[in-house]
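Look at the two complexes coming up: chain A is in both, with chain B in one and chain C in the other.
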Partner chain A sequence: MTIRLEKRETPLIGGWTVIVFSVAAVLVGMAVGGLLFLPFDASPLDGYAALIGKAFFNLRGFGFTLVAATPLMLVSFGTIVAWRCGFIFLGFEGCLLIGAMGGTMIGLQALDGGTLAGLPPALVTSLALAWGGVLGAFWAAIVGELKVRYGGNEVLIALMMNFLAIYLVQYLVVGPWRVVGDMPQTDRLPRDLWLPYIVDGTRLHAGILVALAAGIFVHILMTKTRAGYEMISSGLNPRSARYGGIDVAQRQRQAALIAGGMAGLAGAITIFGVHHRLLDGLSDGTGFLGIVTALLGRLTAPGAVVASVLYGGLSVGGDAMQRQSGLPSSIVVIVQATIVLLLLASEVLRTHRLVFGNPAATET
Partner chain B sequence: MTSEPSTFLRMASITKRFGASVLANDRVDFDLRQGEVHALLGENGAGKSTLMNILYGLYEPTEGQIELDGLPISLRDPADAIEYGIGMIHQEFMLIDSFTVVENIVMGTTTLPEGAERTSAARRLVREISADYGLHVDPDARIEDMSVGQRQRVEILKLLFRHAKLLILDEPTAVLTPQETDALFEVLERLKQSGHAIIIVTHKMHEVMAISDRVSVMRGGRMIATVNTAETDEKSLVRLMVGRDLDMHLDRETRDRDGPLLEVAGLVVARRDGSKPAEPASFSIRRGEILGFAGVDGNGQTELIEALFGLGTIFDGNILLDDRDITDLSCLDRRNAGLGYIPPDRRGVGAQVTLSIEDNVILGSGKSYSPTGFIDRHTVRNDADKVIERFDIKAPDADFISGNLSGGNLQKLVLGREVSRNPQLLLIEQPTRGLDVGAIELIWAEIMALRNAGAAILLASTELEEIMALSDRIAVMFEGRIMGVVPRAEADTQLLGAMMAGRALEQARDPQVIS
Partner chain C sequence: MESLLEISFITTWLAASLRLTGPLLLAAIGELYSERAGVLNVGIEGTILFGALASYLIAIWTGNPWAGVAAAAIIGVAVNAFLAWMYVVIKASQVVVGIIFNVLAMGAASYAFRTLMGDIPRIETAPMLPEISVPGLSRIPLIGPSFFEQSIMFYLTLAIAVGSGILLYRTRFGLNLRAVGENPKAAAAAGVNVVRMRVLGVLAFGLGGGLAGAYFVLVQIGLFRDTIVQGRGFIALGIVILARWNPYLAILAAFGFAAMDALPLSLQLLDLGIPSQLLVALPYLLTVLAVSGVFGRSRNPASLMVPYHADR
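Showing the complex of A and B:
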């Protein structure tokens, strides 16, 4: 008995097959992950009920899900633009931190005695988000310029730039910006600068609206405009794009700016919507998970929104599941990763089918 | 065993469907004898490639049987095919450039022949096979240092190394010079003598006549006829293949002699390796004139044309289009100034093969479909439909992914897109490489029509027949230099051949020098 992959003559591309396969992948992932519950005498069913119930069927929990999804979405949108333009950017983590730093910079200036003190809070917050985006864009533009002009390796450069950003933030919160106290963090921003909570009884802040607006922008950009066409063309085949009169280098520069800007915005939104101060360990891989959700969403903006919400739910629900079952948090992470892996693997089944049995016996 | 050549392979009633609507092979019968060269002839989309891919295990037939030596076999993937001694050489070679011949051959050979487990033994075996069949391949040469013809012989060697008894060659001469083609035919003759069965997929009629023992002709997914080559002629084969008589006659209107539209003066362009060519190039093209550029592939034609189109590096010299200096313009600005280009590599450069036909019509249009930044899909769609209709592109609609078009239809798309923008100057390279006669007929007629409408055309081709049929004047390039320009009336194969081999026009004209 063997299991083989056999190519399908016609790939399944319908919307329904995507949903069916994705749901099946999640279920299989849960079943596999459920095995890890057994040594701890925990019930997988109760655990998963807690996960799903908390993440999606509880107002407060769903609010947290969307809060977690917000930066993922923004990073995903940045990924869509950069990757489809052939700029394989992995520096979102760094851009996000730089954006968080930029936002905090503006916020701190609005404290008593700062240069921006006395300005209307809404203006300060808008300025802070914008400045976060600008700094994030600048951070990515360095990578883009090095790639486009000197043929630098964008993967390597971006990963190194991430370290730079991580330690720059660390330096600021233990050094010049540190507030008196035990924790390496800045002063808390005044409440009137915070992004407003938009649904009562939840911590869902207005950042989600900014993210969705950014998603609409990216979607229109990539599907309706010349810029999007030229970016996609540059990414698919730069030689062909150049032949078509497209300035590939220029488009990649622009893609880098947009990608970095999205991540920077995500950082600033996280500061003004969630933490309300800059602190060490601010980003826990969001800049990378956003790439995963973009890929799960097949590099389309609507797909990325769905994937980000699901992933946000997985992390929020994962915490709930851990509390319910008392499992070590590593198991929760394993379950999450298994589900994501199987989701990615299920793509194969759209172009291939599984064949069970002995190859010689099936030949009739 | 009788003295009659025995049937080696039989494909019976092969049907292959793709989805519900596409019937690529319709009850096709095909047989192959030991020690024969069998030409499989047909236009693009006739079903030849599908049939061969079934034989090579890339597709499974929807219906039908395959018998080898009288026994039914099932081919699930190329590994099965290789196991049965069936090997295929694709148009694009599957070789790793930075590896040596032996490395390439051993790599991917799952069951190494007896005694070839060690590189030294494999090298000896490669040398033996090479000597036996007159392949002249050095086992330790790197692929990147080899010519196209040599690379093809490495592919043949790879199959022989794997004990292939049946060799399928897909358009083997498409990329070869005349000399290389002759050498290939000698190799095939030797293979035939030693009992190998060979299938050549082609649409070049004179090659069918020169090399094959039998010809099978396919059209529209069906097998039309299988005939002995000796009992047929080119004309009747064409009729079988196309289903009608071809009209290769071109209406060449004589025009008033306008002044030059394109003037190139002392142009020095970068070669592939970045070095300068020996001599600056100067020439001009009038409106309503086709200037042919003959020459063996890789003698600087592409570099020169890419430089004209703004894709190459120019060290020195001027390009004047209608008295306007365009030397420093970007590719897009040149397109806007009325230049068009049909590149030799239609899949790698001329089209975005993962995008739809409609999206490919946008390529190179600059802002004309998107003055506001938003693409006017309605207009694009209309134009795409027009290109499909006018150039007879066989596709269900404009949403069809262009890369899934056959070579001929993809070329018609590239040509159609460039021609429908009414360029003043169209640069064309290898417009019919690998295409069948039906497509060539249409493409030649379109090029001539554009000339007659008053466009200037630069046509670079390695096919002398094409150059002679279309050009008003012919320039010959050799190692980055223009060896001379002759009017078509004064050109013949011998003269052009001598210039292509590196003789200047004056020398080539002198019969004393041509030995």
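Showing the complex of A and C:
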């Protein structure tokens, strides 16, 4: 008895396949995770119910979910533009930090005695988010330029650039920007610069609105404009795109700028909406998880929004579960990763079917 | 007085660098096999973490560090059998599988550690691997104690690196592995089983990554924490690039990264006023330049990250 893969004559396509596979992956992932509750004498059903209730059916909890989803969404939008254009960018983590740095740079200038002191706070905050986006775009543009002009490998370059960003921020918070005190961090930004909380009783800040606006921009760009069409063509087949008169290099440069800008914006928003200061240890993998949520959303902006909210919600629910019932939040991390791996693996079933039994026997 | 300080600086720096070199080199050599076969294995962090956890638990339970080393090797290969299946058979995106595998490993290691060790784990030090001092040589002044009084794993690691160089450049297996990473179509036409070679490359990585995890625990720290790897796996990716996918150069590159990593600590002896982050970042900067293509081509294997379809 063997199990092997046999190629389907026609690949499965269409919305139903996606839905069936997704639901199956979620169910199997949660079943696997359910087993992990058992050593703690906890009921998986109660655990999941509490987790989901906390993250999605509780105002304060849902606020945290959307706060967690905000940077994931922005990184996802950047991923959509870059990856569709054939620019396999993994440098979002670095761009995020550089954006956080850029935003803080402006924010600190608005303190008493700074060059921006006295400007209206809303203007300073807007300027800070924009500058975070610009620096993030610049950081990604370095990678884009090295790929387009010199043929460097963007995956490897971006992974290394992430470390440069981590050490740059670390240098700033233990060195020149450090505030007097024990922790390596900058001064706290004045309260009137913070992104305002938009729903009473929650920590949901206005960054979500910026993210959604960015999502609409990316959606229109990729589905309705010539630039988006040319980017997608460049990604699908650069050679035939060039034959068709598309300047692939130029489109990839632009994609790098947009991708980095989105992540930079995410970094600045995280500073002005959540931490309110630049600190060491800001790099927590969001720049990588945003890529995952983009792929879960099939590289479409609406899909990425849904995937980011679900992913962020599970993380928030997991933390709440750990705080309240002492169950390790790592269970949720395992469930999330298992679902994603199952979804990736299920791709093969669109083009192949599983055949059980002896190959010789099936041929006769 | 001045010179005495400088001498003690050099010896502590050398010793610290060599201690840090070992696990980085092991992980890099493993990654080198995988990349030479055409698979960029971003799952490096997760593999090291699994190796570290397995070596810690087994070494404590059996009281024998070598059992821990064996466990790390086995778990490294086992989890990479799964990764190889995803990369080579399913042909899923290598970077995405690697990223999410690292997330899974973080979750699984932290879960397993907590479940097996209880809520407040007793801080129990694992039995460490023995050190070897090479007779005679270890008494060379200045560099002797650093170079010739290292853990037995250090010498094994060097042997693995040199052996890998011979395997890659002097054997048919090595030729086939490199061919599969450069031009799998041509390799297949010449009768090489592309899928099998790529799977073997990933499994070899599992061995190196798992052992690197054991190295962290059984030579360096003696403890397990789920933050034990924290980016060091990605350093190995940098080492592979800087070494131009060559195991011999990887020894130098690993030492270079380790030396820069160790410098800030040792520099506290001398106060030079250079920000330590600048020094630590230096090898990454060199790596970016090395792979940028600006200064000639440090070319990666041509089919790196390109899945192989036999029928296309």
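In this section, the second predicted complex is superposed on the first by the 315 of 364 C-alpha atoms of A that agree within 3 Å, B and C clash if a C-alpha of one lies under 4 Å from a C-alpha of the other, contacts with A are read in each partner's own complex, and residues count from 1 in each chain.
Methods note: a residue touches a chain if its C-beta (ideal position, glycine included) is under 8 Å from a C-beta of that chain, and two chains touch if they have at least 3 such contacts.
From a predicted model like this one, the values you see are computed outputs, not experimental measurements.
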Fit or clash - chain C, chain B, common chain A: clash
Touching partner for A:236 - first (chain B), second (chain C), both, neither: first
First (chain B), second (chain C), both or neither touched by A:345: second
First (chain B), second (chain C), both or neither touched by A:336: second
Partner chain in contact with A:224 - chain B first, chain C second, else both or neither: first
Which of chain B and chain C A:244 touches, first, second, both or neither: first
First (chain B), second (chain C), both or neither touched by A:161: second
Touching partner for A:328 - first (chain B), second (chain C), both, neither: second
Which superposed partner A:24 touches (first chain B, second chain C, both, neither): neither
Most chain A residues touched (candidates chain B, chain C): C
Chain B clash site on chain C (candidates 57-65, 147-155, 183-191 or 237-245): 183-191
On chain A, the residue positions that both chain B and chain C contact, one per complex: none
Interface residues, chain B side, partner chain A - complex: 17-19, 74, 76, 309, 311, 330-332, 335, 341, 343, 348-355, 359, 362-364, 366-367, 369-370, 373-375
Contacting residues of chain A [partner chain C, same complex]: 5, 7, 36, 39-40, 88, 90, 146, 150-153, 155-157, 159-164, 166-168, 170-171, 174-175, 285, 288-289, 291-292, 295, 326, 328, 330-334, 336-338, 340-341, 344-345, 347-348
Chain B contact footprint on chain A (complex, rising order): 9-10, 224-227, 229, 232-233, 236-237, 239-247, 359, 363
Chain C residues within the chain A interface of the complex: 40, 42, 86, 89-93, 95-97, 99-101, 103-104, 106-108, 110-111, 114-115, 119, 231, 234-235, 237-238, 241, 275, 277-278, 280-281, 284-285, 287-288, 291-294, 297, 300, 304-305, 311
